[in-house]
Amino acid sequence: MENLLEVIDLKVTFPTSKGRIRAIDGVNFKVKKGEILGIVGESGSGKSISSLSIMGLISDQGQVEGKILFNDENLLNKTEVEMRKIRGDKISMIFQDPMSSLNPVFTIGNQISEAILLHNKGVTKKEAVEKTIELLKLVGLPSPEQRIHDYPHKFSGGMRQRAMIAMALACEPELLVADEPTTALDVTIQAQILELLKEIQMKLGMSIILITHDLGVVAETCHRVAVMYAGHVVEETDVYTLFANPKHPYTKGLINSLPKLGSRERLTPIQGQPPQLYDDLTGCRFASRCPFVSAECLENEQVIAEVTKGHFVRCHKEVG
Amino acid sequence: MFKYIMKRLCMLIPVLIGISTIVFLLISLIPGDVVDILLGTSATPEAREALRENLGLNKPVVIRYFEWMFNAIQLDFGESIRTGKPVIEEFFARLPATLQLAGLAMAISLLIGIPFGILAAIKKDSWISHVVSVVSMLGVSIPAFWLGTMLILFISLQLRLLPPGGFVPFLENPIENLKGMILPAFTLGTSMSAVVMRMTRSAMLEVLGQDYMKTALAKGVTPKLYRYKHAFKNALIPVLTVIGIQIGYLLGGAVIIEEVFALPGVGRLALQAIYQRDYPLVQVTVLMFSLGFVLVNLLVDIIYAYIDPRIRYE
Amino acid sequence: MNPVLKKQQTPPVVDLNAIDNIGEKTEGFYKVSFDKLRKNKLAMFGLYVILLNIIMAVFAPLIAPHDPTEMFVKNRLEAPSSQFFMGTDEFGRDIFSRIIYGAQISLKVGIISVGIGIFFGVFLGLISGYFGKLLDNVISRFMDVLFSFPDILLAIAIMAVLGSNITNVMIAIGIVSIPIFARITRSAVLSVRESQFIEAAKSTGVKDIVIIFRHILPNISAPIIVQSTLSLAFAIIAEASLSFLGLGTQPPSPSWGLMLNTGRGFMETSPWVAIFPGLAIMITVLSFNVLGDGLRDALDPRLKKD
Amino acid sequence: MPTLLKVNDLKKYFEVNKGLFGRQKSVVKAVDGINLDVIEGETIGLVGESGCGKSTTGRLLLRLIEADQGEIIYKGQDLRKLDNESLRKTRKDMQMVFQDPYGSLNPRLSVGEIIREPLRTHFNMNKEEQQKRVKELLDVVGLNQRYINRYPHEFSGGQRQRIGIARALALNPKLIIADEPVAALDVSIQAQVLNLLKDLQKDLNLTYIFIAHDLSVVQYISDRVAVMYLGKIVEIANSETLYKNPQHPYTKALLSSIPVPDPTVKRERILLEGDVPSPLNPPSGCSFHTRCPFAEQRCKEETPSLLTVADQHKVACHLVN
């Protein structure tokens, strides 16, 4: 399979009153055509910043370096006008909180058909409305003919997320970036939405980047996974290998921190807290919490390397 | 929508009763004997009795209150103590000048406030934004009567560009009318422009930070759509509230501006009535101003609901 | 004290990162806010002008070159000069000295009337927000009614009834200021009341009165402080307006509004009589407004997390 | 083991005004007849999706919200009948840990003051005794004593949650109601706090009512679990029984909806249709019938009651009983 998206050595920094924050510091991952890549990490790991960088939506203060190759074209070299044509057309995005992600003063139909009209010259309003209804059917919204005239506040959380997905699918994108799409939803609704995403991915054959903090969601939905910690990708491999044979101490710790259904065995949490990402960081960013830490870890910056085929790890002990 | 408007109208009733009660009580609260104040202690007993009769002071206050309310509903607020004419007639005779003044002032302030407010929000941290902040700060701090006086001094007296005051009815001579209105309307509108500008700026900034604006960007909307369709309609909601409140300042300010520019409006009528202790006239002007304020805010509430579906379907 | 708490068997999970960068004590909310305010040049300018005003008012007899009521009959309507820094008025009184004494009136009216507004407004807002129900309904409706009068008009009407003197000016502006404080306090109480730390206090059995004064009041102080500065600005303008209309302070008192009013009569020949009092009003009001604005940013809890 | 707290038929209905003049009153049945025995020293979990009434239940037990009906019996007396003063004293034994690590600490008080407050309210201690006790409590929850004069905004979510726990422990309570105490925390921090809660329970002989939406967390920490749906308990069982042998269709669906962090597990997932109905107009009969894949006619008409199906295992479902 060929790569649809390749992120190479991506760095994003933000200025703050206490100095520059290195929110993302040399991140590499790729998304193949037709696959679901999971990016998993805790808050502050940089997973959302990665997705916003792909969309070109990092605010003006943020400084972005590296390469984001989409169909072999570097998105970071594109002008704002070019990016605008790609956003919502070739790459689209859905967000964490469906309650606040829809504009409250426009109808659902209006917001979805706007996406269609923006990227398809020559489509009439009527055609756009028909397409909107079709999309809403696709995402499983009951009686879409009536619901397109409703405002977002009339929709439940699950229905809003369906509407958001419909909007994202409006132009049949090649890549869908889903940033914690089910975090704000109840479990039974989460199950519905994840099922829907998988189904749509199969039907339309696009690629999805699924950003989440939930290893369970990753295991059930994704083909490959990148684990992020403190602005780095610390491990990247296919989903089976990750859970069967995790290499990075952070990945291991994360899996051990998780209560497992049916087991009441004592959890082994990761000690301490993630570091703050100011400029003066040296060595491995997980060192302060790592049970296997050595002097080398504190001194040298690790790089990510392939330990076995398709399994990338950012750790001295593993890479040697 | 209809239900919403009906609900709003019903909510007005206690407020209207409250306003009229307070206006009625204004006279009853005057310390000392009103008749003494009005006629002096040397007046003849007959004259005193006649005035008492006119003001209804010979009845218990509760009865007077209900009589007054009953008459008020029929727009009968009694006669002017000084001229003997029904006060409501005096009021309506003076209304056009005030309406024109307030209307023009509002138009000016919206035309200045909204575009510059939007501009300041979009070009956040640029020099335009800073200029807007400073100008709007000055605008709310400058006393209207002083600004008016200064404008008369420089534009009318020194440069002789516009008349320093006076009022020509619009139908009589539209050009002279407008010439005479420019300075007062500008003076009155200054503080409101400043407030509208500040509110538009901060409301736009607030909206631009919302999640749904990120959705719009992710959709690939053009900057124009982004600002004016997605952002402005949402930002308009708090701005409208402020406009509603500012109408109150506009009406209050009209009293002062009419005095400065010698315009024959309701505000000046109220002042004269106060100077002459013509209490029925004071009552009617205060009552009508408040009524106008309340009705404008009702209108704002309705526009509000028109823009914001969450309120419409409440 | 029943079971003495045992120390944990397992070593306590201690935050390694946090240990090194802490001091023993950190700064409270007001210190942090003031540090933030200090960085805001415009607000600090406002603060300095206000302090200058206060100094002017307190030490007026020491600063003013002349007595504010002394009439230099020979020097009527004299243009600014080295003797009369801002010129003289129609009675030959020194305008500069009158403006310095005028600061006393402005500040006195401002502080007392805003004090009335805060006292009653915050009280009403607290009880209507905290206890809710019928009490809230009655108070809120009453505030709605007061709010329905254009504010300067309400002040004018009250003055018309009470009669024109400086005490009544303070009462009238005070009454007009009540509803805004009541509203702001009420809505702040409503949002704070829902906080989990209030629930936490209730669940540990803390009494209502302690909750109000220890948990609610400190957390709603920010909007009240901001509104106080803005209301001071309003009060100063309102006093000047009332005096300008002849309904406020009475001659020969050196109220800025009153001075401006008399100055209007000699505008073409002696503009300074009207210009300087107006400038004084504007600069003072501007200072309160920029300070209020700066305080709003400095006290905003949303900007706290950096 | 003796019963510490007994809840009988607890109800809370909220009235919602609608229509012109608010004449049409609608009723939200937030908590609709809960029966629960809490045994001393156990952890009982309350689990359910948003709007199921689990948090309201927790607050009703402490009378932070007043119930409309039912009994809350603690030490032989009905808490609902206590006057304010006796309630204040009884609350000493029952404390709460809250969900929001940011909202549950007063930002204007230092950590020491926050933890000291319950001591000031209930005990006659002097400043030094209080200070000593606060330090002891910080130690117990795994926070450095040097933090005592710092303000909440300087702490991370996990640390704040520890402060909240210290405050709850200050009065030596017997029962702690923990309302989503780890929902706002990252996985690695969540495990730290869960372990802390477990250790404290062992050391201090605490009883927990643990309220959460995350079934795997609830199962981990609880001895017994009650599953709630639209204001009612639909199933209650031992933690293991509930996992291995769930009876109610909702419990089954809930269990199968939880994503399992193991890609090799392929499960038959029971996908529920649609959303949780609004508690404003709960469905007739069994309130789950609108989403239940097995619903029959009688489910629409009769409300099932919570009946014992096995030892310590109760289910409210027509199809099971």
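Every chain is named by a letter (A, B, C and D) in the order it is written, and numbering of its residues begins at 1.
In the analysis below, contacts are C-beta pairs under 8 Å (C-beta built on N, C-alpha and C of every residue); 3 or more make two chains touch, one makes a residue touch a chain.
Since the structure is predicted, the reported quantities are computational estimates derived from the model, not experimental observations.
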| item | value |
| --- | --- |
| Contact-richer chain pair (by C-beta pairs counted) among A-D and A-B | A-D |
| Chain centroid nearest the full-protein CA centroid | C |
| Chain A and chain D, separation of their C-alpha mean positions in angstrom | 32 |
| Centroid distance [mean C-alpha coordinates] between chain D and chain B, Å | 53 |
| Gap in Å, rounded to a whole number, between the CA centres of chain D and chain C | 46 |
| Per-residue overlap in chain A, given as positions that touch at least 2 other chains | 269, 271, 273 |
| Touching two or more other chains - residue numbers and ranges from chain D | 156, 192, 195 |
| Touching residues on chain C, where the partner in the complex is chain B | 42, 141-142, 144-145, 148-154, 156-157, 159-163, 233, 237, 240-241, 244-247, 257, 260-261, 263-264, 267-268, 271, 274-275, 277-278, 281-282, 285-286, 289-290, 293 |
| Touching residues on chain B, where the partner in the complex is chain A | 210-212, 214-222, 225, 230, 233-234, 307-310, 313 |
| Sites on chain D touched by chain A in the complex | 49-50, 156, 158, 186-192, 194-195, 198, 213-217, 219-221, 239-240, 243-244, 253-265, 269, 271-272, 274-276 |
| Complex contact set, residues of chain A against chain D | 42-43, 142, 156-159, 186-192, 194-195, 213-221, 239-240, 243-244, 253-264, 266-271, 273 |
| Chain C contact footprint on chain B (complex, rising order) | 14-15, 18-19, 22-23, 26-27, 29-31, 137-138, 140-146, 149-150, 152-153, 157, 248-253, 255-256, 259-260, 270-271, 274-275, 282, 286, 289-290, 293-294 |
